[in-house]
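Scrolling down, you'll hit the structures one after another.
Across the two complexes that follow, chain A remains constant while its partner is chain B and subsequently chain C.
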Partner chain A sequence: MAETKSCDTELKTAFPSIVQRDTTQREFSHFFVAKDLLPTIARHLHTQPGLHGRLALLWAVDNRPARNTYELHYLFTLEPSHRWVLLSTELAKDDRVFPSITPHIHAAQWYEREIRDMFGLIPQGHPDLRRLVRHEHWPQGAHPLKKDFPWDRALGRQQGEHRFHRIEGEGVFEVPVGPIHAGIIEPGHFRFSVAGEPIMQLELHHFWTHRGVEKLFEQQPLAAAVPLAERVSGDTTFGHSLAYCQAVESLRHLDVPRRGRYLRSLFLELERLHNHLGDVGAICNDTAYALPHAHCSRMKEQIMQLNDRLTGSRFLRGLNRVGGVALDLTAAQLAEIAAEIDRMEQDFSELESIIAHNASLIDRLEATGVLTERTAWDHAVVGVVGRASGLDQDLRRDRPFAAYDELSVKVVHYRYGDVRARMRVRMDEIHESMRLIREIRLRIPQGPVAVESSPRAQAGEWALSAVEGWRGEILYMVMAGDNETIQRCKVRDPSFVNWPAIQWAVIGNIIPDFPLINKSFNLSYAGNDL
Partner chain B sequence: MPPIVQSLLLVTAQVIVLLAVSPFLVGLIRKVKARFQCRQGAGVFQPYADLAKLFHKQPVLSTTTSWIFTATPYILFASTLSAGLLVPTLSSQAPLNFAGNIIALVYLLALGTFFLILAGLDAGSAFGGMGGSREAIVASLTEPTMILSVFTIALTAGSTNLSTIVHKTALLEGIVTDPSPHLMALAALFIVTLAETGRVPVDNPATHLELTMIHEAMVLEYSGRYLALVEWAAGLKLAVFLSLIANVFAPWGIATTLTPAALAIGLVAYAVKIAGLAVSIGVLECMFAKLRLFRVTDLLGVAFILALLGLLFFYILRS
Partner chain C sequence: MFRILKKSLKTGVATGRHPQATQSSEPLTPEAHKKASAFNRSLAIREVDTGSCNACEVEMNALTNPVYDAERFGIHIAASPRHADALVVTGPVTVNMARALKDVYKQTPDPKLVIALGDCAIDCGAFKGSYAVTGPVDRHIPVDVRIPGCPPRPADILKALTDIQERP
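Up next is the complex of A and B:
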């Protein structure tokens, strides 16, 4: 806490004009700043050695109905202390321009373009003002998150062409890949500039299937939007619903019972397990080494069938609800999980040694697709990808949620940043998840799994929530409206921040290695394209 | 029996054998891989059903393609089948042995590859060109190795005619006491086989990732009967290479006369040998990851050196 105080005081001394606001959430300072000062303060937070602020989230709110303003919020995580600092500013009536912080903080680039597309606000000074989410065929002036944009209006079409960054020269070719792929993959376009096989540049062009998720949230009552959160990214059903529920619980000042918290940690680890198992196999499969893929797929299937037996849903749907979880597990069921995990750990360890001793596989993985620590930091990369590039961050340890305050999570990180490091992080986390599941079984207290009473949330109040899903940091900002509606819900899947980093990890690699690098990131298209 | 009738019969028999056996080899390799991965896998006769299905489907042609694209499957199929008629299978007398030797075989296969590369470029997709350029690298590196490795055996037999080579080896004429040159040549030819037929660790026939493909990238635009011909030709090429390895290096059991009894033994021996080779390819595919594209040249370099050493050893051992 002393550290918190000193940091707040330092900011206030450095920038006398900023106003600190009281917050009800712990470990969280909120400052209100004038928009012109924003880039300077943001840069200060980002670059000061003692602060080391990572831009975790940037969101806008159309507050015209209430106050006739647009609000912009910049959330920083100070890496030494993992504390949150929020900078907020307001655009006065008819002001549609805000200063871009991208020239100082690279990680803001997609957020600012997204805000421009969704709200029609212009980030002044942004080096790349092409459309991001709103593809060129979307009509002029269609900014879906503005309050006066009806959610059920069909978009028209207009002519337009996306301009890619071009590299020209003798022997330089462009290779377009996607958005339709040969496998069962979501739509995404990759534009390579290659000279022979080596990649000189990769540019992503995603956001092909915009579903309007954040707009749809605004049409739902607070308590009924959990199924929507579960469908943001199908492979992270539980992570997303947990992040959403936590935000609403914090708005309603609900305290989830301990047993409910332990069950949430349990299900989150089960989700991590089946996804990591699938990824380890898939990485091997992309080098044509299909044996581990077959075994990992089997183990993944076993976990998913276990999910099904325990909860009735392979993807852990319908488990989270505001106030806790929807079902309790018996002691026999917990023993069944532990037995399954014990069997699988032996199985997986055996497979691990087969993988580790296959020189032809290791040769493909090592030094492939290196994401340096510096590039990872500049992109504010999170989760598995960050930990493989030397960023020692994990919300389960750094900002404990669910029952992680009572569980000791061992966080692994590697500094190599190559495909092998990303696979090793996953393999180590599989063991750690199995250990956590056992620990949960031993420590889980008796008692209720959910609370019923729900005090009403105040209109205009908002809450932040963070969950370390299997892919990385999932953030939700939920703002309550009148009568238990949602005024604004900002969803941030880890994929949104990790996707741009892949463009740098592939440079200098050869084009046939791209699918392997992409698989080692394994990012969600749906979670990215809300 | 007049010689012309006998020749025609031999050609017909060999065409039937090659056409019949090639989808089976593909199915067998897939089955072995599936079993190693603890999967049931499709039946070994699935490739026949796939071919039948493809022949009944309407082909879709891109508007950017020219006659090369539609002619290539026929050229590829015909050239690969002709190459197959130069290789002894059941009998040491290959049906077309009077028409060409090992060099003719290499360049008949190269003709098919050449047109396939052209067809890949012709379709105008980004992947076709990429596959084509990679195939060109692989083909140009395998060609000398393939010739050299068979030359080691040719020197033993004193002829480049495959039938003569196989016949003499089968009758143990002129065989050297030390088999090391032959073993080196065999290793070289096996690597060439993996590369030429697009198997792991050079190419991955099972992948859906276009960016990593070699052979599959060139044929991505094919459909219907054209695809069927291309796939069947790929199976034929596999059969040709396996027959070459089986009968040049281990001609045991092959019919050296055209009596029914000898041919029956030849058939059984042939079936066992190429099935064994197909299984060994399947097993290998389960043990290794695919090489990085630029490491493929290293592997083919090793194959070339092996073939060359085989030749040198032959001379050293003889003198």
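Up next is the complex of A and C:
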């Protein structure tokens, strides 16, 4: 691609000292840079009009056992071309400090705090160095992703209290909510500052369900970690296991047979469908409009029962494996899916017109919880939430995986950024998923659904993989260790980037609208906390 | 209005349109039965997630949909532990949630039942041994009923909960 070349040359001309690495992966440029130059180059990538780089992922690797260094990797997606550019740097020997890019690129804020917590490396110049993943009662010096930190020794306890940002003044109240909430929801803490009704500030205090997932990956053989990936965020079982399997497949240079890839797309759309159906109902329910909720949760249940009949798992567990999928569907089963989808499309369309004609519902949703395009971009927000705020991005179209290179995905996006826009994105995507499922049924080729995986992965090699799950972009970076072990596995659920943005979407709204706004984001706590 | 009525008539009764429970939880201990008899067949449940992957939550939520409609058996979800007869706990107990779990237990009035839902709550499941996990639920609070599965299907959960309501 000419565009690619020009972006690479531009970077090299602008910064002669950077070194380009060879990469086997297409659509991917890799540059090695000195750590002091990092903020400048990152900023260039982010702000230069022709480049428009969105920080997609930032991860560290403790490479002390092999090379006595820590590695830092910054992955950018260039928005016009969707090309990936990776900047890497190394901290030599006893160096524990790296320059923060957060002052230039806001989206780096949680990543850098995460790296500090998990590796003990210090992002110099970061405006907020409070703990993020480590709650204050974790003992000093506990950085779990350091290689010399034992994975299986439960953490001790020390005294400590989280310091929230305070707003002071006459009539300002703080309202703490959580970690345990009133419904059947995961734990998280929200601290509101209000003066009268409107919210002046919301601060999140999450990571209550931190289970040490990334460290647990390092204890597993490459081929055996799929069940763990399925349990990163249960509602996205298939999306996560797919992203993990794809990464291992590219490490092992495996080509999944076409039928296997079509089935993967099919299952991914079924997962999107039942989650989106549930969300549309739940958003209505949070305005106390119970009727759509009843219908939507019934339809969601129908899809989950369909999943169960077809695969033996309501969540599509145990389906993905390295090299393809574990089970094939017969023509009769595919016809059963199509028939169910046809019935449901009719069913859902009727419900949609009921919803659209309810003025008081629309009134609650409109202009509630607005996330502007600018704020969304600054946070590098992904998925449904991004598309509702005007960010036209969808990996199924932009970086096709599974069978999406042969299917045309219509991507919708709205510009209002309010609860209604987030609901409409979901509604449109429900129809699009149904259409895709029908198309898959018509086009699915015959053949095997998986390849046997024989070639071994080289120690130290790594691969990236991206999947557009129902919430948004799921990223995995898997680095192989000796003898088919995992040296490092970086997991990035879309929730991790979208959570901070909610703090901005609620400002000026009233607390009673918070559950509604939160529902319209519907982010995972488990996937965020890891 | 007409649209809504038409929709309801067309949909019919969804309740009960689900496969039967297949897997049964462990038989109820006599002590658990004795405790449960105080609730007179109504069961107010407070759900507590102590580090689950959230699939167990999805299935608990499914109990409230029209298909399972647990309310018809007198099972309802309470918004506060102070209103609860039973705690349903999901997930391994993470280091960060251990305190909160004990607090919730203390705030639930006696007599109370503790139900460990899912493999994680029973033996930490996929997260066993991790530095961030303190152990299964019964390391922290006494557990009366265990519902295995990863996650257990809603029909199985419903069966286990209605078993609790049976007279011994």
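Operating definition for what follows: the second predicted complex is superposed on the first by the 529 of 530 C-alpha atoms of A that agree within 3 Å, B and C clash if a C-alpha of one lies under 4 Å from a C-alpha of the other, contacts with A are read in each partner's own complex, and residues count from 1 in each chain.
Definition applied: a residue touches a chain if its C-beta (ideal position, glycine included) is under 8 Å from a C-beta of that chain, and two chains touch if they have at least 3 such contacts.
As the structure is a computational prediction, the values presented were derived from the model and not from experiment.
In the superposition on chain A, the chain among chain B and chain C reaching more residues of chain A is C.
In the superposed pair of complexes, A:T209 makes contact with chain C only, with no contact to chain B. Residue contacts after overlaying the shared chain place A:A526 against chain C, while chain B stays out of touching range.
Judged by the touch definition given at the top, the superposed model places A:G460 against neither chain B nor chain C.
In the superposition on chain A, A:R231 contacts chain C only, with no contact to chain B. Once the two complexes are laid over each other on the shared chain, residue contacts for A:P400 go to neither chain B nor chain C.
Of the two partner chains placed by the overlay, only chain C lies in contact with A:W151; chain B stays clear of it. In the superposed model, A:A182 makes contact with both chain B and chain C. Within the superposed three-chain model, A:R298 lies in touch with chain B and with chain C [touch as defined at top].
By the document's definition of touching, neither partner reaches A:G120: not chain B, not chain C. In the three-chain superposition model, chain A touches both chain B and chain C at residues 182-183, 291, 294-295, 298.
Those residues of chain A lying in contact with chain C across their complex are 135, 137-138, 144, 149-155, 179-180, 182-187, 207-213, 215-216, 227-228, 231-235, 237, 291, 294-295, 297-298, 300-301, 304-305, 308, 314-315, 317, 347, 350-351, 353-354, 357, 524-526. Note for the complex: chain C touches chain A at residues 3-4, 7, 10-11, 14, 18-19, 47-62, 64-68, 77, 79-80, 91-92, 94-97, 100, 104, 125-127, 129-135, 150-151, 153.
Across the complex, chain B meets chain A through its residues 33, 36-39, 126, 130, 200-201, 204, 206-212, 285-295.
Across the complex, chain B is touched by residues 173-177, 181-183, 197, 284, 286-291, 293-295, 298, 358, 360-361, 363-364, 510-516 of chain A.
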